[in-house]
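Listed next: structures, encoded as structure tokens.
Below, subunit A partners subunit B and then partners subunit C, in two separate complexes.
Then we have the complex of A and B:
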């Protein structure tokens, strides 16, 4: 392996890593917001919206991210919404992740016994306060392992961004391979950078899981 | 007699075809302790749930100081603040510490300051012997301790009436006493309480009035001494006999 080559192109990878993390975070934030809203709609059995949400979830989970990105990237301008690749990447990731997050939260919500809701209501809390202060925190604690798995899954999915010409890690590696044929070095650095991003997430995730479980279990 | 606090008239509660409460009338006066007993499935717990607006009712009315309690109505949260309820399974919030369990509703619902609510919570906890548990989580407490915290949580809202739904039924025998003692103290302080229980001796000690329910209606009611020593109806006699054992030796 050519160390000099790797050192020379390190800054390129660093830049790409920043982009990957940034879009990844934006996408995860969108996914979380979409997920909470969809889960609440399904949990609350809100008539029409509930149907729309289940259509969205099936659509989002049963199509590849690459296809979703193409739709957003090439489709939106056709109906007059101009946008850039980075926004598309975040939106695509949010669209995909929203359904996974929604299912994670919904399964957490369903583990909370209805009598917890009644107990909170009997104290005079309004229904939205019951959700906000009593049910949701417990559901999130139950859902935390699924959340963390989803976050890691979404960060890894960012590797298809190169298809809409975002200069992320994958794009950078492919570019260098194409330019210099340094396949081993380029791929090695790719793996290392993904590990640098994902390992801390895994470790922090496990710590968070343990902490929320400490407070949550054994009513 | 003190003023009428809770007035239930011709209450009917049905689940589909099954009638659980059938035209029940009950008036509870301020400061009165009413103990409700009866065989399981007779509608005791359902009665409490209806009083708290947790169940839609199919007939009659429930009024607290003149305000009607209607399931799903807009002013129900406001009315519920005046009704403290304690459940058989405690239903503390497992993600909150003891003190946060108690102060959640006073702070979020009654908009009291956190400091003032905590001060009162600690005072109440001290009275039930749990001041040192304030920072712990429910899972770290025994059943009896959890139930005492649940009582304090309801008390901290300054309710006008307290409902107890078989609060000792899930407890080990050793822990029953500590919870019943707390309730006896509340009775002494002149709290209005409606207690559903299977603890007959406790019922006799705490009640101003005993109500015996079977098949969704009041079969007999009276002062505890009279009811337990010389029940008038056959059904009540039969029910109370279950608790007497003949010696096998």
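Then we have the complex of A and C:
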């Protein structure tokens, strides 16, 4: 291992890591918004929208992100919808993640039986109070493990961004291998940077999961 | 109606080539699944043992494989092997190695989960009924474990198929690569081919994975 080489190209990796995290976060935020909307539509059983949402969920869950990105990035411009690579990355991640987030949220909401809402309403709570004090605390606790797993999953999926020529970590590593044949060093840095990004998220996720595990008494 | 570039698919052998590409991807995932399932069962059984060393080693293996993006693992095996062993291994072989390592880890975790989800009273009751140890496993524990495992394993297969799309990045010719070739070859005659061809690839993946997802959901409901 050549330490000098690694130090020299450290800034390149840093830049790439920042890009990966930034687009990852944007994508996760989009995914979360899409997920909340879809989950509410399905939970509220809104007639037509519900069908559309379930078609979307099936399409997004049963196709790989790489193919989704290729379609958005190379396919859509042909019918006049063009985006730049960054927006495309975030949108693709949002499209993929939306369905996963929606399933996580819906599974949380659905574990709360209607009797709880009815009881809360008959005790005189207002609808928003029912949501705030009865439904959400339980739903969040149930959804949290799936939710954290999705965030890690989506951050990992950002690794395919190099396919649409975003200069992310994979792109940087491949570039350096091609240019200087410093395979070991480039791959080592790649692994280290992904660990720096993903390990804290994974650890924080576990802590949060443990803290919100109050819903399942006796389980 | 804009030109969607769908006519390219019906030229020459383009559709057959795309399907051939899909088959190349499916083959990699099927081989890896076939290898991962027995290895994963073995790993899962090892993971519930009480020896500290075995626990630590399997745990580290699982955590490392799970936290690394699969593409990183592909790069490590594909580019790293040449450096480590002085010989080149093909993209296909690297993908099978990586997907087997990954599948084994995921499958191992599922098996571990299924084993520890069997309540202790099942063992105790069957012992109280006078069943031998081997009988307990054969008639009581394994049937229940398998029922919990099958839907999850089917889901793992769909994940594996979706992940094979990544092998494009280490130069394996699979469906997306074939799509690129078709689009490039018809650049002049049908400039909008990218839309139609990538849409087709998208739908091909969907057709490959959706039935498996439905099956998994059905089995989960039936046995859950």
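Some observations on this one:
Here is the rule we use: the second predicted complex is superposed on the first by the 199 of 219 C-alpha atoms of A that agree within 3 Å, B and C clash if a C-alpha of one lies under 4 Å from a C-alpha of the other, contacts with A are read in each partner's own complex, and residues count from 1 in each chain.
Note that in this section a residue touches a chain if its C-beta (ideal position, glycine included) is under 8 Å from a C-beta of that chain, and two chains touch if they have at least 3 such contacts.
All figures in this text were calculated on a predicted structure; none of them were measured in a lab.
In the superposition on chain A, A:167 makes contact with neither subunit B nor subunit C. Of the two partner chains placed around the shared chain by superposition, subunit B is the only one that A:137 touches, whereas subunit C remains out of contact.
By the document's definition of touching, of the two partners only subunit C reaches A:61; subunit B does not. Contacts of A:123 after superposition on the shared chain: subunit B is touched, whereas subunit C is not. Subunit A is touched at more residues by one of its partners, and among subunit B and subunit C that partner is C.
In the superposed model, A:195 lies in contact with subunit C only, and not with subunit B.
By the document's definition of touching, of the two partners only subunit B reaches A:115; subunit C does not. Once the two complexes are overlaid on chain A, none of the subunit A residues touched by subunit B in the first is touched by subunit C in the second.
Against subunit B, the residues of subunit A that register as touching in their complex are 115-116, 118-126, 129, 133-134, 137-138, 141, 212, 215-219.
In the complex of the two chains, the subunit A residues touching subunit C come out as 58-59, 61-68, 70-71, 74-80, 152, 156-160, 162-163, 170, 173-174, 177, 183-184, 186-187, 190-191, 194-195, 198-199, 202. Within the complex formed with subunit A, the subunit B residues making contact are 49, 52, 54, 77-78, 80-81, 83-85, 87, 89-95, 104-105, 108-110, 137-139, 153-154, 157.
Across the complex, subunit A is touched by residues 2-5, 67-72, 75-76, 79-80, 82-83, 158, 162-163, 165-166, 168-169, 176, 179, 183, 191-192, 194-199, 201-202, 205-206, 209-210, 213 of subunit C.
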